[in-house]
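Presented sequentially are two complexes of chain A, the first with chain B as partner and the second with chain C.
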Partner chain A sequence: MLKILIPTLMLIPTAWGAPAKWLWPTTLAHSLVIALISLTWLKNMSETGWTSLGLYMATDPLSTPLLVLTCWLLPLMILASQNHTALEPLNRQRMYITLLTSLQFFLILAFSATEVIMFYVMFEATLIPTLIIITRWGNQTERLNAGIYFLFYTLAGSLPLLVALLLLQNSTGTLSLLTLQFSDPLQLTSYADKLWWAGCLLAFLVKMPLYGVHLWLPKAHVEAPVAGSMILAAVLLKLGGYGMMRMIVMLDPLTKDLSYPFIIFALWGVIMTGSICLRQTDLKSLIAYSSVSHMGLVVGGILIQTPWGFSGALILMIAHGLTSSALFCLANTNYERTHSRTMLLARGLQMVLPLMTAWWFIASLANLALPPLPNLMGELMIITSLFNWSWWTLALTGAGTLITASYSLYMFLMTQRGPIPAHMIALEPTHSREHLLMALHLLPLVLLMLKPELIWGWAY
Partner chain B sequence: MNPYILATLLFGLGLGTTITFASSHWLLAWMGLEMNTLAIIPLMAQHHHPRAVEATTKYFLTQATAAAMLLFASTTNAWLTGQWDIQQMTHPLPITLITLALALKIGLAPVHSWLPEVLQGLDLTTGLILSTWQKLAPFALLLQIQPVNSSILIALGLLSTLVGGWGGLNQTQLRKILAYSSIAHLGWMILVLQFSPSLTLLTLLTYFVMTFSTFLVFKLNKSTSINMLATSWAKAPALTALAPLVLLSLGGLPPLTGFMPKWLILQELAKQDLAPTATLAAMSALLSLYFYLRLSYAMTLTMSPNNLTGTTPWRLQSSQLTLPLAISTLATLLLLPLTPAAVALLTL
Partner chain C sequence: MADYREAPLASRPKTLDPNEYFNLSPNHRRSEEDRAALRANLKRQYQTQLNNPHRKELVEDPALTRWVYARANPYLTFKPTFKTSLMGAMFGVVPLFVLYYVFKTDRDRKEEQIKAGTLERKFSLSS
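Coming up: the complex of A and B.
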């Protein structure tokens, strides 16, 4: 574990000490090596369920895919940020890389934490670099409001979580994840216990986000620079899912009754946010609402508490992480050329940038969960487990799948097909860097088709 | 100010607090408190500005009232129990009176109204002394008395955190913002006083470090209002980069030091089965966080290449020592991993 953490920490002196010409190649190479070594985590051979067990950090089949995704995303973020920060003073570029690295550091500690308070502290710690990235490097004045919404929505959910965790520590005596699953089931009968249940889950529901407390997400995703959007969509949302999957083990049997309204919110959110996507003019906003939609399915999968539900949730989290990040990178290629996120202003790009259209095509297909990609596997497992719980959910999830397909197709057709507008006369050809970025996003997605056991979680 | 007079006043300040620390007799404690008040009065009025004189007068009146109430309560205690020892108080009436008197001394809600106005009239250095040193002596006394009525302390604490949060939201003057921040932090300290006095001391000391950093940041930038913060990127770029972290530490965000007292206090409240109190106190911290975030927006996060929020000033060489600020900033940001050591060291 330390052989990943310490190199990640050393990336900060690398960012500050590298000569100007070599800043981006060096940090990219360094983070790629870290990402490659992190793949060794995927080998979960332990009988106790926990591998790489240390005093404070351990990995298990639930956290390793998310950890690998986090480590994989840092080189991608560095690749994506190279162009839009090129005009800034050197120190500011170094600061940007430092922020991305510190985010990575906190995320690794969060996903590998064995003690829930450590997970909480790291969960909150990721807020500060993300806030700084959004409000300092965002491009419009709305970014200030976005930062406030982001910070306060998350904190309003997570402060009750802190109190709930401390109450749990009081009653069980420990908060170590290694032993918490073996502690005596809690006697949860009073009204206060129901509030405690809600307190445990609210923070993660806000983070996922659940429809209803999702308002921070479109603002934050849209106003953030590309690296911010990438890490938000790919990993920070999954922190909520991961937290929920860890906490829900202890919340039986209340969850059987109390999760009802939240499952309904989640499924209704799939439909509502999908429908909103069909009416979006802002490309990044469309991708952001699409994230809410997919995460609604994940919330449903987790709250249903079946093996297929959990596996489906984890698979969808990983697949969605890669897909959503790829879509934000694609949107950024548009933004860097036209400095506008309005879809109307950047149409018909297949005429001008045909190779990029290939990437748009694959990313849109992944977004609408085309078989045999892992996106479908996750969605199908969740839909099946929800169907098993209640046949009526099929109406919502089926309609959700249909709407997802519609807006993914809409996004593809709007940006790529059709006539090119008259004002687009000098678009830069696609950089190799951008092709590499997209390949590095979508290739793992395709490779995961060949070995899906890596992201099945506990069911493997 | 004449260095001899300044030395005398500072010596008086130190002596007053030390006398209160060392006393076990109520009269001696009262004397130390009065010495502190008297010593700081000339420091507050040194600029002979009407606003400073107004602040001095308000401070004197409130502190004198509090000290008189303290004297009256300790006399009543002597009458009722026959002894003057600070730690041997048993009768509830004098204990409650003394708690309220000390609350007026430090500026807890609902007797907090003097603090923003007094702090606003002072220069930043004297304001720093008022916010930090002047709180030590009353807390030394608060830590020693055994509280009788648990609800009064919790009420004072919760009310202070809420008042500190809401009061600071409408302020543009930095000293008033720091006053409300002080009220909020004092609320947290009082909240846990009856359950774990060592946590009160820990919160007090971390608050000292954080507020010391904040005052020095403002002093270096010579800024007293939010608008004036906008030019700090030109005066001290590295400090401008660190200042949001200092402010977020004041707000209690992990992984910064300011999270440590909040976490430990919430843990203690959870152990005492006071979950609604804990949740309410935690949520009130969000109010304070809003105006700390506003300050960091004004100072750093709206820097160029975005539109400038202020005109560029002359970049004159600052004669302020930066070593204290450097040390306190380090402490404000990086002490969270040392929580077990802090808890172990500060066991009363």
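Coming up: the complex of A and C.
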């Protein structure tokens, strides 16, 4: 664990000490080496399930894919931010990289925490660098509103979680995940216990986000700069999913009855946010709502508490992380050229940038869960386990799949096909950096097709 | 008649065609000429920007900006009328209750079958 954490911390002095010409290549190389070392976590040889077991941190097959995704994303974020920060003073660039690194550090600690309070503290700590990235480096005045929504929605959801965790600590004496999973089921009979159940899960539902409390997500994703959007879509949403999967083990007999409203919100949210995607004019907003839609499926998969549901949820989280981040990078390539997120203004790009169209195509196909990509594997496992839970869910999930396919194709056709606007001139050709960025996003996705056992979680 | 002279090589708009003039009132003709002058001015601004050799960015269309802003901020112009309340109820409130009823009765039926022992549950190693 320390062989990843110490290099991540040392990335901060690297960012501040590197000479100006070598800042971005150095930090990129450093973070890429950390990402490659983090791949060693995938080898799970332990019989108890917990690898790299330390006093406060450990990895298990549930947290390892998310940790590797987090570490993989840092070089991609640095690669994506290089262009739009090039015009800023050097110290601000160093600050930006420092914020990204500190976010990475908190995320690694969060996913590898064995003590739930440590997970909670890191869960909250990730809010601060993200807030600074959104409100300082966003591009429109709406970024302030977006930062407020982001911060206060998440905080309001997680304060009950703090109370619930302290109550749990009082009653069970420990909050270590290593032992909590084997403790006796709690006596949860009174009305206050039902509130405790809701308090445990509300923070994660807001973070996922669940459909009713998802308003912060389109704002935050749209107003953030590209690295902020990438880390939000790829990893921060998954913090909610991971937290739910850890906590739900302890909440057992109540979940059978109390989870109905949330499953309903999640499934109805898949359809509603998918339909909203078809009406969006703003490209990043479309990708943000598609994130809500996919995460609705993940919430449904987690709340029914079956092995396939959990597995499917984890697979979909990883695959969606890579796909969504790739789509945000593509939207950023558009934004850097036209300085507008409106889809109408950046049409017909297939004629102008045909190689980028290839990346758009693959990313859109991944978003609509084309077989044999892991997106389909996750979605199919969740859909079948929901079908096993109740046949009627198939109506919602089937319609959701259809709507997902239609808005993914809509996004592709709108940006790539059709006539180019008459007044669009001087589009820069695609940089190799952008090709590299897209390749690094989609190559892991394609490789995961060949060995999906890595992301099956506990079911492996 | 009017002192409108179109640019060389441009055609005269239909509203200012002298062959159409005979049944139009002078007021109407004047207002049509004013509108044509405004349109011509806008076209000229656009053409200037379009053909500017030093331009690198897109030509900004204020109407498009307003439209995108309106599409992105619907709550500013939202008014609760009968139709919008019905839409909100039909798509936002009623489905939740309907789905709760559907899932609850389905799951309760399954639970009764399990308790009665009539539900056939084949063994599957993973599910």
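Here is the rule we use: the second predicted complex is superposed on the first by the 460 of 460 C-alpha atoms of A that agree within 3 Å, B and C clash if a C-alpha of one lies under 4 Å from a C-alpha of the other, contacts with A are read in each partner's own complex, and residues count from 1 in each chain.
The working rule: a residue touches a chain if its C-beta (ideal position, glycine included) is under 8 Å from a C-beta of that chain, and two chains touch if they have at least 3 such contacts.
Here the structure is a predicted model, which means the values were calculated and not measured.
Enquirer: Based on the superposed arrangement around chain A, label chain B with chain C as either clash or fit.
Expert: fit
Enquirer: Identify the partner contact of A:422: answer first if only chain B is touched, second if only chain C is, both if each is, neither if none is.
Expert: Once the two structures are laid over each other on A, A:422 reaches chain C alone.
Enquirer: Using C-alpha centres only, what angle sits at chain A with arms pointing to chain B and chain C? Round to the nearest 10 degrees.
Expert: Result: 100 degrees at the vertex chain A.
Enquirer: Using the touch definition from the top, say if A:264 reaches chain B (first), chain C (second), both or neither.
Expert: Once the two structures are laid over each other on A, A:264 reaches chain C alone.
Enquirer: Go through the superposed model and pick first if A:128 touches only chain B, second if only chain C, both, or neither.
Expert: So A:128 only meets chain B here.
Enquirer: Pick one for A:21: touches chain B only (first), chain C only (second), both, or neither.
Expert: It touches nothing on chain B or chain C.
Enquirer: Considering only touches as defined above, state whether A:451 meets chain B (first), chain C (second), both or neither.
Expert: After superposition on chain A, A:451 lies in contact with neither partner.
Enquirer: Compute the least Cα distance separating chain B from chain C in the superposition and give it as a whole number of Å.
Expert: It comes out at 20 Å between the closest C-alpha atoms.
Enquirer: Tell me, which parts of chain B touch chain A in their complex?
Expert: Its residues touching chain A are 241, 244-245, 248, 253-256, 259, 263, 266-267, 270-271, 275, 278-279, 282-283, 285-286, 289-290, 293, 297, 300-303, 305, 336.
Enquirer: Quick one: which bits of chain A touch chain B in the complex? Just the residue numbers, please.
Expert: 88, 95, 106, 117, 120-122, 124-125, 127-128, 132, 135-136, 144, 147-148, 151-152, 155-156, 159-160, 162-163, 166-167, 169-170, 192, 196, 199
Enquirer: In the complex formed with chain A, which residues of chain C make contact?
Expert: 49-50, 55-59, 64, 67-68, 71-72, 91-92, 95-96, 99-100, 102-104, 106-107, 110, 126-127
Enquirer: Mind pulling up the chain A residues that touch chain C in the complex?
Expert: Touching chain C: residues 260-261, 263-265, 267-268, 272, 279-282, 285, 306-308, 338-340, 342, 344-345, 385, 388-393, 396, 421-426, 459 of chain A.
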